[in-house]
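Just so it is clear, A, B, C and D label the chains in written order, and each chain counts residues from 1 on its own.
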Amino acid sequence: MTKARLTRLGLGVASAVLALLAAFAITSLVLIAAGDPVGEVWGQLLSWPEQRNWANIINNATVLFLSGLAVAVSFRMNLFNIGVDGQYRVAAFTAAVVAGEAWLPGYLNTALAILCAMAVGAIWAGIAGVLRATRGVSEVISTIMLNAIATSLVAYLLRKAAVREEGSNALGTKEIPEGSRIGGLPFGDFEIYGFIIMAAAFGFAFWFVLNRTRFGFDLRATGQSTTAAVASGVSVKKMTVAAMMISGAIAGLVGLPILFGDAYTYGSTFQSGLGFAGIAIALLGRNNPIGIALGALLFAYLDEQSNPLQILVGVSPDIVAITQGVIVLTVVISYELVRRYGVRLEQREVARALATPSTDQPEEVSA
Amino acid sequence: MTTSGYTESIAAAPRARRKLPRWWFAAALFGLLLGLSLLEQVTGADDLVSRGTVAATLIAVVPIMLAGLGGLWSERAGVVNIGLEGMMILGTWGAGYFGYHYGAWAGVAGAIVMGMLGGLVHAIATVVFGVDHIISGVAINIIALGAVQYLASLTFVGLPGGGQTQSPKIEDVPSINITFLGDFFGDIVDKNIFFVSQTAAVAQALVTNLSWLVVISMLLLVVTWFVLWRTSFGLRLRSCGESPSAAESLGVHVLRYKFAAVLISGGLAGLAGGFLAMVASSNYRDGQTGGRGYIGLAAMIFGNWRPGGLLAGSGLFGYSETLGLRAGGDSVHALLLAIAVLAIAAAVWQARQQQQRAAIITGVVAVALGVLYFAIDEVPSDFSTMTPYVVTLLVLAFASQRLRMPAADGQIYRKGSAG
Amino acid sequence: GSDSEGGDSGTDSPSSDAPKSDIKVGMAYDVGGRGDQSFNDSAAAGLDQAKEEGLIADAQESEAEDGEAETAREERLRTFAEAGFDPIIAVGFAYAPSLTKVSEEYPDVHFAIIDDASLEKVPNVASLVFAEEQGSFLVGAAAALKTESDHIGFIGGVETPLIQKFEAGYVAGAKAVNPDIEIDVKYLTQVPDFSGFGDPAKGKTAAQGMYDGGADIVYHAAGGSGGGVFEAAAEAKAKAIGVDSDQYNTADPSVQDVIMTSMLKNVNVAVHEYLKAIDGDSFPSGVTTYDLKVDGVGYSTSGGQIDDITDQLDDYKQQIIDGDITVPDKP
Amino acid sequence: MSTPATPVAETAPATAEIAVRLRGIGKRFPGVIANDDINIDVRRGTIHAIVGENGAGKSTLMKILYGVQPPDSGTIEINGAEVSLHSPADAIKSGVGMVFQHFMLADNLTVLENVVLGAERLHGIGAKARAEVLRISDAYNLGIEPDRLVEALGVGARQRVEILKVLYRGARIVILDEPTAVLVPQEVDELFGNLRELKAEGLSVIFISHKLDEVLSVADEITVIRRGTTVKTVEPQGVSARQLAELMVGSELPSPSTEASTVTDEVLLSVSGLSLPSDEGRPLLDDVSFQIHRGEILGIAGVEGNGQAELVESIMGMRAASSGRIELAGADLSHLSTRERREGGIGYIPEDRHRHGLLLESPLWENRILGHQSRPPSVNHGLIDKRAARKDTARIIEAYDVRTPGPDVLARALSGGNQQKLIVGREMSGEPVLLIAAHPTRGVDVGAQAAIWRHIKDARRNGLAVLLISADLDELIGLSDRIEVILRGRFVGTFDPEDVTPERLGSAMTGAGEDK
């Protein structure tokens, strides 16, 4: 068994490398076909980032990580929460307003804002959960619809809550007071989001709850086989709502590192589309925290490195989107190949066990 | 054999599956039109069934419907296709590039081909490599977006009116224009006769610059129905979505049919994108699809994986979107009343079905909407923007437990799994 | 196969006289970039003109992605700075937060930002802002004078304070002519959904709604979506008003003559004058407001459709310049 | 009487009358030798039975003959001509048809669609095809209604649809893999009636079953397979069921035999007035009332689809009954959740182990936790104790002879029988007071069967009450202290296992009794 495990681990690593190489090759082919300078492009993408860029990479990875985590929760229960995008925007807006109003002093204010964000995210996702549980509405549809609704709703509320400093055309909520911001951690001469610690904590909590608690077991069981879960005494309706709400609560955190560590206000230019990136990253990371973290880093790295492509090399940065998508595919394909190999290994083991003669002598012989 | 057949009498009776009569569709349209005319009478909103509304609705409906049709093909063969959005995006570029260089119909072809490319990737990933359908679809959406933006920067920059995010203007797809009929209907419309004028408005919309692509798309819907439900090809394809192992045990080449289905699916999605670029507007633009691929998917599920239902779903969405965009405020306001009434009907029906709790909830919703209707006399713009989404959500909440997806939808099938 | 319009544009417009200057301009566009037939294009025009005249040696361009991270915008500016571009022009108010950071990090590099005045205190930043409401006032007046149904419309791309300035001015202008004129107002999308600037289909549907509803002139401040508005106007045999540049010249011939006039927001002028004002190591800074006074905004007359009312418009213009009329910048 | 497994030339029947000749067929799956040097001759116009314990390789062999899986070695001759079958299509072309162990029907398609699928060229998919289906149906008295949804059909009817599919394609060689596993005696008789008609038409039938008396009654020749190879081909006249069994297993055929009753007079489970309407209003359960005492096994006999599943699910709390009362040891269960009921001491061996019993993609130790999420040893205070779970799984593997390398393999990798043993072991742990066992030994080989029966009896001796649902009437009669017959959701008769025959049960189950 352990031998098999080791081989599989090795193969896992190999497959990852293989996937990256494949993505590398395909991207290069595209560049060549387009007559773009392949060498220069990779030269830029693979150049060792400046410390400053590392800081950016880590920061953006933190955000993507949370987004991936949120999606992964629902995936683990075989729910497809496309709605992380809407959930985090509603939540970030709420947090910005609450923190901006500063009803409580200092970090109490921060804590309150974070809780509100999680609550709102949970409720927004919970709508889809309830509709699914009570009315059987596919969460795929409902979350898509809720994304759009979130957009209009936030836009409406934003204009109600917005304050505009003179001369600026940007629209934003009240700035969060100094005392309630989350300071950065020193990173060389630069800083990274202090929120990264919370993100890590949530990553661990995710792992622990799913793999070490009854709740997590029920959740995974439901994800694997609803029928078996029901027979084992799981209330699927409750689990559906719970899973969606947890997913939404984590989604509620997605925007917060930016909000408390950088922007200090939610405005018209607040980053959008993080939820969809999260889907890819959750899939890339096989819904487990470590994998998601690596996936997030990879995506953030590519985004950061591709940024100056147009200025330095004269190639559209969009090329890396192709790379990112291809990676998702190639990684999964190689995962799949390895998985099949693993199954075969296992069956060989089983077969050996089956081959050994029965120790069970039928005792009762009726005359 | 004397006792033959008694097992049926013991076994569960067949699900009560009420078959709809041939003319149900016409009847539905008639009823709908009548209802809307009534609504116009009652609320005084005058833009619910005008020529412009109908025309704009058609334009809004077709891309969603085509995307949904794409979803229908692949899911009927058991392959979930979240990648529709990406394939649509590819289609928009295809239309932009080929349309600009080689003319309108080349644009249409280009859109279809580009969409099929997306379908090809999805087919290879899911059918050949057995990759999870969702993963492949998501990946395709990412790739397509990047690829198109990258291609645009290569192909459109520097052309007159072209740029990073848009193509030059594309030549229009020819459209039907029967002026004298149009004027004739126009006169009737102006007469303002209850229901007659509304009907005339619809007719007028159908004879005044109605793009051929709209007509073709509607035909595609019918063709799809015929091929999938009336030909052996369709039967085999559907069997791959219902029970691939059974299909294979009868000598059907399951993988081939899945492959074909996904390709067709891509082509349709591509066409949907092409329609956006060429008919709905007149050039490729970055972000033009605006999530309509997902909406199409929703419309298909909404329509219970059937062409008729799909049309209803995309129609509902397209119509309410159009209302929001056009007169906005008071049309949507009028819609409130309609929904409230429908909700009441639903509540009564549910009560009849002994679903007391559901009935109560529905009733509350109905009353709330009704109160809202009389409380305000115009819906703020932000809310008229969210109308289509809210409406879709509400309707689904009322009527979505009867949905039934193909039994093997989304399952990965390998050759030799029969038995 | 490279797309760097700017990279080529250093060479593709060979100005006969060798560049007298060694200025390398970094141009950071907003989403849409060069070729958006809207204000990015307008800015690009100013840049090209400067290049023609040999005011600058070279220019490099880069554009924002939709929904990108704040850090991406910062990095764009930093990369320019690192690569020795000076000055660096940020097109669009979206750059304000990132420019606040970056302008501190590179005190010796000079920046300009368009449509934002929040950095007026920063010494190495020049803010180029416009009185869109004033230009809009004039076209509003023009619409009110020209309409036969006393019913006009306004279509905004995305409901942001900036676009609301257009609306406010337009409405004020129309009402100044005819206090009880009917004005439909519609925005295509809300933030963060900026597709309203690039969705002609939406623009067309909205405009059709207004024309069918009785409006006979519609003014759009919807960037690329305006194309749809013009098409709708053509189909409804009605009129439309363009924005930013003189769209009569850039629009497709099929819709050219529905464009009664355009509200000119001369971003090109601003960019050009900014570059022109650079001499040696002294760069302009502080806020420059381009209003009617300096012809930073205005209206176009090509097509000659409003020749009959130009004097009335110029009269309003004078009143605004003299301060007899103060145009609101919020609806 | 019996011929050697590999017939030598002169004893071999003339090729002319050989419909199928398999020579040296070998098939290995990763690590498993499913088939090894299989030699079989099937004569035209005969019913040829193939018997062998689970995993012997019967289905695999048939799949090879039907072109689903390619053989690694060996040759296939059909009507004297050697063929190579790459897909079922090839097999169908050469006149082979197969009814699989697990039905191959698309529920959401009509009977007609299921039949014509893949054979549209013959008569299209419309009126002509319908006519043809009806013609065949009448010719063989199959009583098929072409336009009904398959999901609405009972097991027997599905079986006949499967046969019709084969006939529709004009097959001359018909393979039936364990066709009788789910049928009641009357249905079996019907089926055999059909088979004999086919035989009379000159078709050849290959017939697989675990029920040896059936085999003896219908087959003209019987081939025994053990560990993937042909042991012997015999003729029914020459052998007894017991001898066949010994050929199959090399050990003797056990059959459940009730021993001294351990029934106490203490009522453990009491169900009264349980009713459950279906969506269409037809009652799934209709005023069902019964009691089970400590140490009593109550057997429920009935044709599948007559309310057994609903009854079980109502008692387990997986379905809310519309009316009625369920008491466990005096405590009212009616409003408790499934989990609470399990905690109350109900063990549950589900009918469909893959859908309700296991997480196929999870290791065995996680499957040990399933259904015991709220109880030690595996779970304490909401936290999962992996070590304890693995340890207890090891215990079950040991005690119930689950053939597996260890508790870490995925459940999917176990054979059905071993999966079943694991489930039984799991449900027996934690001292249940009531065991609900639905088809506890379905598709399980004799060895495992014996073990499972023994475990149930031991528990019963210690006061366990058992609700036993089974289609295997011998099992019911052998294990039960009392048998209730369920028909259309109602209890229609109580029988004493001491003095009841499968036939009498059968007629009660099918309502044949009440019709007269």
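One rule holds for everything that comes next: a contact is a pair of C-beta atoms (placed from the backbone, for glycine too) under 8 Å apart; a residue touches a chain by one contact, two chains touch by 3 or more.
None of the values given here were measured: they were computed from a predicted structure.
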Higher-contact pair (C-beta pairs counted), A-D versus A-C: A-D
Gap in Å, rounded to a whole number, between the CA centres of chain D and chain B: 44
Geometric centre distance via CA averages, chain C-chain B, whole Å: 37
Where chain B touches two or more other chains at once, by residue number: 153-154, 164, 382, 385
Where chain C touches two or more other chains, by residue: 1, 3, 63, 66, 159, 190
Touch relationships between chains, expressed as pairs: A-B, A-C, A-D, B-C, B-D
Chain C-touching residues of chain B, taken from the complex the two chains share: 47, 50-53, 55-56, 59-60, 153-154, 156-158, 161-166, 169, 209, 276, 280-283, 285-288, 290, 322, 325-328, 381-382, 385
Complex contacts: residues of chain C adjacent to chain B: 1, 3, 5, 31-37, 41, 63, 66, 159, 186-190, 195, 198-202, 204-206, 208-209, 211-213, 224, 227-228, 231, 235, 250, 252
Residue numbers on chain D that touch chain B, as the complex places them: 59, 62-63, 66, 68-69, 87-89, 92, 98, 100-102, 104-109, 113-114, 116-121, 124-125, 141-143, 145, 148-149, 151-157, 165, 177, 186-187, 190, 193-194, 278-280, 282, 303, 305-306, 487-488, 510-512
Complex contact set, residues of chain B against chain A: 121, 125, 129-132, 134-136, 138-147, 149-150, 153-154, 164, 291, 294-295, 297-298, 301-302, 358, 380, 382-383, 385-386, 389-390, 392-393, 396-398, 400-401, 403
Residues of chain A defined as touching chain B within the complex: 30, 34, 80, 82, 131, 135-138, 140-142, 144-149, 151-153, 155-156, 276, 279-280, 283, 316, 318-326, 328-329, 332-333, 336
